[in-house]
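Naming follows writing order (A, B, C and D), and every chain is counted from residue 1.
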Amino acid sequence: MSLGYYFLLPVIFSFLTPYFRKLGTSALRGSSVFLTFILFVQTLEYTGVSLPQISQFSVAPPIGIAFVLDNFSLLFLLIFTFSGFMVSLYMLWYFKANDNTNETRFYVFFNMLLAGSIGMILSCDIFNVYIFFEITGISSYALAAYNKDKLGLEAGIKYLIIGSIASIFIVFAIMLIYLQIGTVNIGLIAQRYSEIDPKIAVLIALMLFIGFGTKAELFPMNFWAPDIYQGSSSHVNGLFSAIVAKSYLFVFFHLFYLFGLNTKYTLLIMSLGAITFLVSEFTALNQKDIKRLFAYSTLGQLGILFMALASNSSDTISGALFHLASHSISKLLIFLVLGILISKFKSTKITIVGDFKSLFLSIVLIIGFLSILGIPPFSGFIGKILILKGFALSHNYIAIAFILLVSIVEAVYFFRLIALMLDKKRTKTSVPVGFVNYIVLSVLAILIVLFGVYPSLLTHYTDLATNALLQPHSYLQFALGVGL
Amino acid sequence: MLDFFNSNETIHFIITVGSMLLFTIGLYGIFTQKNLVKVLISFDIMESALFLFFIGLHYNFGLVAPIVDGSDKTFTNMVDPVPQAMILTTIVIGLAVLALGLSFGIEYFRLTGINDISKMNELRD
Amino acid sequence: MNSIFLLLNLLPILFLYQFGGDLHVSLSLTKEFTLSLSQTPLGTFFAYLSLISFLLVTIAQKSKKTSFSYYALQFLLSIAMLAIVLAGDFITFFIGWEIMTWSSYFLISKSSDIDTKSLQKYILFSLASAFSLIAGMVIAYSFANSFDFNVIQNSFHTMPFNIKVALIVLFSLSFFTKAGVIGLHYWVVDTYSKAPDLFSSILSAVMSKMGIYGLFLVYGHLVGYAELKDMFGVILNGTDFGYVLGWIGVITSIIATFKAITQDEVKRLLAYSSIAQLGYIIAVIGMGTSFGVAGAMYHTLIHTIIKLLLFINVAAIVAQTGKNKFSELGGLIYRTPVSFVMLLIGIIALAGMPPLGGFASKFMLYNAAIDSKFALILVGMLFSGAASFLYCYKLVYGIYLGHPTSKDLETQKEVPISYLIPQVILALLLVATGAFPGAFIKVINPILIEFSLNTIPYTSMGVMQSAVGNFNGLFIISAFVVIFVFILLLIWRIKSKAKNNLNRFDISYCGEVPSKNTQLHYGYGFGTDLYRIKFVNAILKRSSSPFYEALATQTKKTAGLLSRMYYGNIHNTMIIILLFFSALYFIGVN
Amino acid sequence: MIFQIILLIMLAYVVGFIYMGLYRNITARIQGRYGPTVYQTFYDSIKLFSKKNSVSYGWMFYLGPVIMATGAVLTLILVPVFSDSDFLRSVTTQGNLFLLLYLMVLGPLGNALAVGTGGNPFGVMGVVRGLTRLIGLELPFYIAVVGLIIASNSSDIVHIIDLQKTTGLNILVHPFLFIAAMISMVGFFGASPFDIPGAPQEVYSGPRTEFSGKFLALLMSQGSIFAFAKLVLIIDLFLGGADSLWMLVIKTFAIFITIIFIGIVYGRYKVEQAVDFLMKIPTLIGVIGLVRIIWFG
């Protein structure tokens, strides 16, 4: 299968959604499951193929779309397609158990979101990256607001405004690049980035930094993020946290290393990542709204990822990628469980965590929590220790101390939730889980445990991805092969 | 005198200054306006400024539009088509965002009667 | 269910026995991480200690209605501890450590009187301990390029001095927290007192010992006592390092002892006593001499036995009467005589009285201090020991002696047999260690060899050798028994008849005749008069809780302050982004 | 050996009671009273042993005094009475100074158990006061003992005695330790100013409130045996032991009379005052002696 289908299939499905709706709700839901399943299986097939691979096809020459899949993007592709698959399965239950008047709208934008985020990580043309960036953006604004309720719309509007700012920065940066070098091919830009007038280079770098950093929720550009998470539905938050934020993160660091910005900006990004981590974990302590709480938690984890990914050392980056994968799975798990609880209790107070009675949900939720906290034998532990080990190997002890100290703050609210869950004095209501959710949540939980006890399953890919990120020769060769 | 205006440098200068002025107007709008529609308009002004800037800088005096109609097979004397294609795409995207934003705004206004973005603060701690 | 888990708990013991001290397995997780088990004499000792404790506690659980998940978590906990003590590298150690942390957390949460605050205290301190450990282990990795204990041990002396100190401090902090050194003990008392009653025995007897194991591992194995001596120099006959640790331990022990005396809740008293007893161990663990290590090992063993015995005893009483305060108990001696005798044996050992095993371990501790000439530390230890008589007496008096404080206490029956079986076994162990104090030397000597220290001379099972004289436990206990029986017979034979079972109100009471409503149980109040002693008052009125409360408040305030940034105004957010860009641009361009 | 032990117990019993009598007599004379005869306590003991009835509150009440007496006797036989003689040497070598320190507390513990069983609040009050006082009382004594152990590098009492033949008596070599130990000893003998636990005039009767008949007799006898043992211990540690019966009597009497004279001129401290005092002056003196040994010895 050509890489182009990664983009085309979701788009086609997205456009066909109203038609599927006419065929019936099961066709609609089934189509999405089918799509994400195909994409996921296809991605699994790529794990056995020698990479990078390229697919190129023209829309209107000379503007063609060229996709390059290297090991770095493969890891993200795996995460995205897997998360998408899980969410689409989950939605089978969700729309059955809840109001489904907005179902069509959700699937349109869900498929579009997949198209956009996958396109963003596969595209080797910075302008196409921008286009996919916008597609992802528009579909996530729409997903935030798809219920057309007050909070959702507010979230959508806020997201849209922030997205517009980010896109202006990115457009500006791309224009400046084109004016300076006359190309939008990432490979060529990477080769010739050093030829740019230093003052303009700083401007371009900063604009890209602000543009993608805003979307990737880096402090101090992330004041909007908790609002969006609070306003959106829980499963949408799962998508934001597992797919959307990660795709921006991908572009951020892909360009960061390709353009050789790592020599100059490492310290800046690391310290901003650290501040993100610190501020969000502290802020999370006071939250009363469960979705907002986990928004802060997501911000915090992204902060760690920023710290680790910017660190320039292959050990840390490999750990960070592991952590990223683990975080995606765990957060998805948590948000999906929260979705079940919220749809039961019609409330988003943190106390709902203490009100339900379901052994299965408690166990998977606790697994998710412990994994994010980095407690063995769950996958988050391996991620965290790999990151810390990487920092230790580069003798960056301040980062280690920082991460560990702030992690204690993180533990405060996670264990407050767990204590709430274990509190026997609360009256508990039993919660229907749904057959599909048993499967989805157990798969996620099992993966968390599996990566925790048998990490080489994943470290294999993260190591390859790290190599691909830090030594992008083969990527560049392929990217340069694209005529433009 | 006219030659002065016909030189590339002058045109580029005027375009740069003009579009940056326009950009500043948009920026001013963002900084001061709180009405959602006005904010969206400000964004569009900024975007338009960028489009003008980009297209304008790629226009050199004496070149024609890059339209291939089949009769002329030589691609000389044309402006670089890439920026134009890019801007076209960006305009489409900008339009989509604008439309989405306005529809959000309308829906939100219907529900709450608020169109001031600084008063949209139901989502907070 | 109980029998199933009893068998399950037997399995690891058999497994360990089967391997006969030579278990070396490793399993590669990733290219850097290996899970490896590697049995050392030290680990074997702690493994048996914890496994047998779990077995005994499981026996006691027979008559208490216990859910499957409780048993399962407890079994998981025992396996985690096994992983800790058999670990051959830090990854295994840490995984075991954390599984221990969360499985015990869930076990504690199953208690009926646990509250969120105590749970939070427990888990946060445990995690702080774990994070300190993780920091130490990654720093060690950055120099040794391996998590394997042996590799770290071999490359330790090549590390820079400040890294060595940092490692020792980090590891010590981690394990001190687990053992509950004063200042880091904030979680201990609440947790021990509010945990499920039988689980408190595991917490105090076994889990705190994992901290001690960690200290042994670091000081004896990873760093090595010789290296400690080289690093920090020598004071008197011991190391500087040991001297500092000695004071830490002694101060812990003294403060906790006085705190224990003033407690009203039985399990809180035991918790403080646990802190105090671990203080002794910490006081000698850093001395770097054979006697230091032997004393610490011996006291580890004895304290485990005693605390298991006492906590099981108290758990039985609490289960039987439903009361857990001295002010609500009393006068149970003739209702639950066997329990009383068991507790009596326990406190005699806890006070370090001859002829039971408690004295043997205290003797070893004191010898260690004498050996290093740490006289003031020794005096401190003796002093704390003297003060501990008070809480020992409070324990036995408050529960069993004096008068019953309520009617239902007068009709109590003896506790179920399943509680008594482990207690009897443990009491016999205390008698055995008292009679054969030398026997344990045989267990300690391989560990001393492992730490490359001189072995302790062993003459016979009954005799405990030391640098400054020895004592014959077998002789003492037989002399005690002979004299005891002799005097008993003598006084028995004296003609005068004792009027037995006198009415308990038939006491001399200033001419008054006490009635049922007269408060006669003096027990729960005692200890309060200690406040009148200046020195003790100075200790008692201080507490670590204001510090931690203030820390929590400050954290909350900081959180409040920081969260005001996220106040949901999108307009300001936009402006901040733009201003941030301009700021960065100006910095970047200039 | 058994014969020797019984002999020793008898000796201790007699000497102890005579000293007790002397204590009462001398105190009375100093206070300007006539006082009981020297043998009065001895008679009391005999009388109590032969009383027909005694009150018991159950078996623990019975066992308490026995434990106490056992502690006293065990202490007695483990303290070498005569230096340079094989008298009970095979027994004394089985123990050491640490063991003795702890055996000395076994008595109060047994007492406390029995008192607790009796259930008289005044008795328990006395016990608690006693145990609280013990905190302060032990401290200077421990310091002294630890100092001696470190100075002579042995916790074997026989060795400590032997060593004094070459280095000189410990009372001269380590005077600070001796003073500290002596102040403690005043308390151990229940003499003023540390006699609050018994405090007959104030708290009814203290720990012994409920005891009568043979139990009280046993308590008194063990008290006198124990007093003798303590005196012997002091002379062993500081005065080089005694090589003959006469020396033993003279030396113990000297110590004993000192204790009386110290005690008699002071009023009674309250518990907290006693502990406060003991933690300050004698402890400080002891610490000076100890520091002298470790750092300058």
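Rule of thumb we're sticking to: a residue touches a chain if its C-beta (ideal position, glycine included) is under 8 Å from a C-beta of that chain, and two chains touch if they have at least 3 such contacts.
This one's a predicted model, so the numbers in the text were calculated from it and none came from an experiment.
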Intersection of contact partners for chain A and chain B: C
Selected pair, greater C-beta contact count between C-D and B-C: C-D
CA centroid of chain B to CA centroid of chain D, Å: 101
Rounded Å distance, chain B centre to chain C centre (Cα mean): 71
Intercentroid distance (Cα basis), chain D paired with chain C, Å: 34
Centre-of-Cα separation between chain D and chain A, whole angstrom: 78
Multi-chain contact residues (two or more partners), chain A: 157-158, 161, 165, 226-227, 283, 286-287
In chain C, residues with contacts to at least two other chains: 563, 566, 568, 570, 572, 574, 578
Touch relationships between chains, expressed as pairs: A-B, A-C, B-C, C-D
Of chain B, residues touching chain C in the complex: 27, 30-31, 34, 39, 117-118, 120-125
Sites on chain C touched by chain B in the complex: 563-564, 566-572, 574-575, 578
List of chain C residues in touch with chain A within their complex: 28-33, 91, 94-95, 98-99, 101-102, 105-106, 109-110, 112, 116, 119-120, 123-124, 127-128, 130-132, 134-135, 138-139, 141-142, 555-556, 558-560, 562-563, 565-566, 568, 570, 572-574, 576-578, 580-581, 584-585, 588-589
Partner chain C, residues of chain A touching it in the complex: 157-158, 161-162, 165, 169, 199, 202-203, 205-207, 209-210, 214, 220-221, 223-224, 226-227, 268, 279, 282-287, 370, 373, 375-377, 381-382, 385, 388-389, 391-393, 395, 397, 400-401, 404-405, 407-409, 411-412, 415-416, 418-420, 422-424, 453-456, 459, 463
Parts of chain D lying in touch with chain C, wherever the complex brings them together: 49-58, 60, 62-63, 65-67, 69-70, 73-74, 77, 91, 94-99, 101-103, 105-106, 108-109, 112-113, 116-122, 124-125, 127-129, 131-132, 134-136, 138-139, 142-143, 146-147, 149-150, 153-156, 159, 204-205, 209-210, 213-215, 218, 271-272, 275-276, 279, 287, 290, 293-294
